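In structure tokens below, several structures.
Each of the next two complexes has chain A plus one other chain: chain B in the first, chain C in the second.
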Partner chain A sequence: MHAAHHSTPQLPDRLCEDWRFGAPHKHAAALAQMMRGCTRRGTITVEGADDAPGGWSVHGVRSIGSDALLALHQAAEGVGLYLQHDYAEPITITCETDGVYTPAVYIVARAGVHAHIIERHICRGEHSAMVCARRIVAEEGAQISVELQEEGCGTSRVLNITDITARGACVRHLTTHANHEWAREETTAEALGNAADIQLFSANRLEDSQMLDQHTRQLHSNRGCASNLLYKNVLDGRATAVFAGNIYVAPGAHDTDAYQSNRNMLLSENATMHSLPGLEILADRVRCSHGSASAPMDAEQLFYLLSRGIPRHQAQLLVAEGFLNDVHTRFQAE
Partner chain B sequence: MADVPFQPDTRGEFSYPENHKFDAGYGLTEETIDYICDAKGEPDWLRRFRKDALKKFHELPMPYHWAPEGIRDVDFDNIRYYLSHGVPPRKSWDDVPDDVKRTFERLGVPEQERAFLAGVDAQYDSETAYNNMREELSKQGVIFVNSTEGLKEHEDVFRPWFGKVIPVGDNKFSALNHAAFSGGSFIYVPKGVKLKQPLQAYFRINSESMGQFERTLIIADEGAELMYMEGCTAPKFDSATLHSGVVELVALKGAKIQYVTVQNWATNVYNLVIQRGLAMEDAEIRWIDCNLGSKLTMKYPAVVLQGRRARGEVVSISLARDGQDQDTGARMIHAAPETTSNIVAKSISIGKGRASYRGEVNVLKGTPGCRNNTECDALLINADSRTDTYPAITVNGNASAVQHEASVSQVDEEMLFYMQQRGLTRAQAMSLAVNGFINDLVNEFPMEYSVELRRLIDLEMEDSIG
Partner chain C sequence: MSLVIKDLCARVKDGADILKGISLEIPKGRVHAVMGPNGSGKSTLSKVLCGHPDYEVTGGTAELDGQDLLSMSVDERSRAGLFLAFQYPVEVPGVTNANFLRAALQARLPQGETVDAVAFYKELRAKMKQLGMDAKFTARAVNEGFSGGEKKRNDILQMLMLQPSYAILDETDSGLDVDALRIVSDGVNAMRAPFRSFMVITHYKRLLDYIRPDVVHVLYQGRIVRTGGFELVERIEQEGFDFLKD
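After this line comes the complex of A and B, so read on.
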């Protein structure tokens, strides 16, 4: 009885470090209530590759502080992609809901496979919510890029729990969020095997009272792997964003290269940014660094555009767009 | 690497037999507090204050959800909360009890006083043994006494600020200190007085299981300037000792305070210290912090930038050897417009040592024009050394800029090879490389300390040669 009590994960409370600044009493509780109370409804479709029916499981997906929510997830629908050969055209996965939907996405890229996957999550209905458990596994020599586009309707909430394993492979991962009232992202990326390379990107523009709560872990368990992260946000209105990243280099994972960079542009006096870039290094001969900067828009860039007759509002949009576009350019660069 | 070049500095690791008139015994209860109050002859309000703090201490949780694992081993019942010779602080070394005097002589304190200090406060276990300040300073109205005397003789200056920068209920250890505090310094520097030479406090734990809970309050009135230095040592006993001090600084308009700590506790001391300064308009507070000793140190010097254009700075060096956990960092709270702060932290992890940077920078709402710059660099000497960085940076609004950078590196093998090829031993080469790594920060320490720090590293290298 006692043991069972402990094995049931508790909803995060204010002492949960993985939900620091994330208002768990408000958001985790609200999401749990939605998942408990509603029948799940939505659709998930794949184009450009074959879905392996039932070939997905969320068992063992690593969350960052949301095991209790993951336990409520109970995916009944999902997509399993087993990529055996190269794909010249992008593969598209589309999840849509106007209620509460909890799909699972499982992507396995076999050795040497090259593929580009675009995953779209669309919340249409008022107060709709999507909780997606995702697992991406890339084997020796595979090169895949996954682009996750989150589209909301202003009042929607999303949680993405992503678990990436690159075993001697190269995985590039980009997320963008638009128009959600609340969005949380937990991305665990583990570099294993021979010279694995993981690149994590995110570019987001937030306004009104939107909140984006992003958590990442770059795990280095074997020696000689590389990982890189670049997360950028533009915050306007009363928007709040949290970035909490961690690089963990396990004992023995020598010769690791791991970087993490978080850049934020604040456009309004009521916007708030919380940045928690972390490092835990237990190995030797590593090159690890992180940087975090939060600042207003560069006045000189704005002045340049103004002096060329571009109205202030438009000029601001241009500078912000350029700031975020850099992330897309880096994601696309091979 | 077989020839690890660092050996602990063991010069503080001696002790004399205990000779206490007052001993409050183990554990902290209301009776312990009564005992302390009686021994110190304290007024009733303070007795009530301490007892209220004790209640808070029992209520407040341990910070297990974020603190390093080692904090779970702190056993509050196995600590002695008050030990004293029962003699008031002396103004002359000749009057100090012999064993205490010998201790401070071996640590070189009287010698330093003659050489370059404006005043000294030497604390032995719970109470100050020696306190003296140059005469011309008292004529200018400078107050430099221990906290007991401060509360007795200067209550009108002390009490309004007592527990204002670090309130009782701030956290468990703050409540503990409010309940059990003894010793520490009270300093008041009047308007416009600028101290040319530093004041120094020396904290010494001599008895087994001793808990030292010193309480320091420094007030620099408008336009005043001072530098305060503290040194800490303790011998190594079989059971752990606890040092949980509270240091409050108040820099009024245009004042400057520099607080220098060189901590070299023995490696079974839990060093859990709260240091916080309040900087008013145009004031400046600098914490210069060096952590070499202790088993576990948790110390995050903070500056609350309360007035326009206030400035805060933390310069921190920490060295973690086998079995040591140096969890250090800084906090900067920007509570007024146009405030600026700078944090530079360097750590060195040797053997199985763990050095962490834990920091908080918070730019509050409605405070435009704030700037913060944070740099953390970690050097790992061995394959099983560990280093962590846990910053938390919050920025409100679009008129402040904050940047943080951290890097982790090793001593470059090529650099060592180059030096060894020119006839240096590996240990000498390592020493030179480490000195190079912390060089720019060592220069921030007062001359006498920076020379001492360098000598310490060099000496330790020499010991290990051959």
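After this line comes the complex of A and C, so read on.
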């Protein structure tokens, strides 16, 4: 496996807009050092698919500010899912490490295929790290849902660089993070062809001093496609989250439907949310919107639960879970 | 055994005084109606009794069966037997009605005991049927997307499930059509018992025609200015609240 780049781009720093709030001096530098200096170790397994060949290169994955890290990625192991028929049961890909691991995942859904893929990334070891490059391609009429479940150990770091292309297909994508010290997502989703529909979801609960840095691009290159994004976070303790999203509607991509919503519940005065939703529209006759809201838990909702005798701690937990459950319900209902 | 309120004064936090010395006693087994024009303090009274954080008690006492109600937290008041059916029930996205009610019932059990799921759902479905609610509401998020009438029914469903000793109904009739008003009133009347009392807050006689009160209070400018029987309801229906200004 070889990276696509012959010369390594510069590591991101704080002057890089896509890393402005992501503490690059601390985390990007640490990931680069680990990838340069440590032997990659981990496992990648696939259950539920009859054909999952290994040996895929990271070539061509679009990052949002992390080209240098992608160049260092050099997939230790990659798995490709080439889905040619419907799958009634979910396919599960599990990547696991107690050190430094750089898996690559390539999913291609042929025309008309229906499938649900669960991808689990598990960091077990203290200060372990995973950098994953992912490419998802869905062809005409395919309907696939991909659920990325991140599980850390409290001191782990993870970077996911995901590149989705829906060519006249429907792709639903959900990410959830638990217990990483630092996690970053760069998700590029391009709607192409005839009536492509991309749905991006994320639901996360962050506490202590955890950090989640999420960057998204919804790209509309052809006319008449749709995309929708709903990212929600619950932040407690001294947790920090970043959401920077952009909807780009290219010249000529008329009749686009594209929406973006980032909602955050702050349970602590010390929690921090940086939300930067964005739109760039270069076509006519589009329906696009973006919105962001970050606020403490709704006092009236909490009072309602308390007034039924539910103890405060549990009431807060229920309201916060409900806030995130909404995302899971929409992901499943679409 | 009763709900005893003495000289209760309260204001909006850092704002105007609303309650200016309310005194009343509701013994067990009785239904008291509280009427009054808009802005007289009816909803404030209900929220202050339940411990709403927007209000500050500036004087007086409230006791529930001899316990100091005002020193309890909001959830403790509920577990002590107080219930408020809200004028505007709140939507709680993502929390299903069933999980919400189970959590509320679980909170009333001694440590180590858990709600029997089979018995819970059986009772829940029976109470929903009693209120003419579709079983699908068990899996719906609390009040989310409900019509005004459905929200009110849902509050009464909670009351039926939690079986409080003291229930305050804050304008439960607003937003209900004639049929829903009858069904909800039947649900309340079915709960009338010697060990339970109600404070029914309303503007209109029509609710009190269904839920017949034993005593009627009229609240005006933060004070109870009249206490009597059903004749007060009749007078308000005929004359409005103007006679209070005399």
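Worth pointing out:
Everything that follows uses one rule, which is that the second predicted complex is superposed on the first by the 321 of 334 C-alpha atoms of A that agree within 3 Å, B and C clash if a C-alpha of one lies under 4 Å from a C-alpha of the other, contacts with A are read in each partner's own complex, and residues count from 1 in each chain.
Here, a contact is a pair of C-beta atoms (placed from the backbone, for glycine too) under 8 Å apart; a residue touches a chain by one contact, two chains touch by 3 or more.
This one's a predicted model, so the numbers in the text were calculated from it and none came from an experiment.
In the superposed model, more residues of chain A are touched by B than by the other of chain B and chain C.
Of the two partner chains placed around the shared chain by superposition, chain B is the only one that A:S294 touches, whereas chain C remains out of contact. By the touch criterion defined above, A:P277 lies against chain B but remains apart from chain C after alignment on the C-alpha atoms of chain A.
In the superposed model, A:Y304 lies in contact with chain C only, and not with chain B.
Applying the stated contact rule after C-alpha superposition, one finds that A:D86 touches neither chain B nor chain C. Using the contact criterion defined above for the overlaid structures, shared-chain residue A:D208 touches neither chain B nor chain C, since it reaches no partner.
In the superposition on chain A, A:E126 contacts neither chain B nor chain C.
Contacts of A:T329 after superposition: chain C is touched, whereas chain B is not reached. In the superposition on chain A, A:E47 makes contact with neither chain B nor chain C.
By the touch criterion stated above, chain C contacts chain A in their complex at residues 50-53, 73-75, 77-79, 83-84, 86, 89-95, 99-101, 103-104, 107-108, 141-142, 158, 162.
For chain A in complex with chain B, the residues that touch the partner chain are 15-17, 20-21, 251, 254, 264, 266-297. By the touch criterion given at the top, residues 298-301, 303-312, 314-315, 318-319, 321-326, 329 of chain A touch chain C in their complex.
Those residues of chain B whose C-beta lies close enough to touch chain A in the complex are 65-66, 365-366, 368, 378, 380, 382-410.
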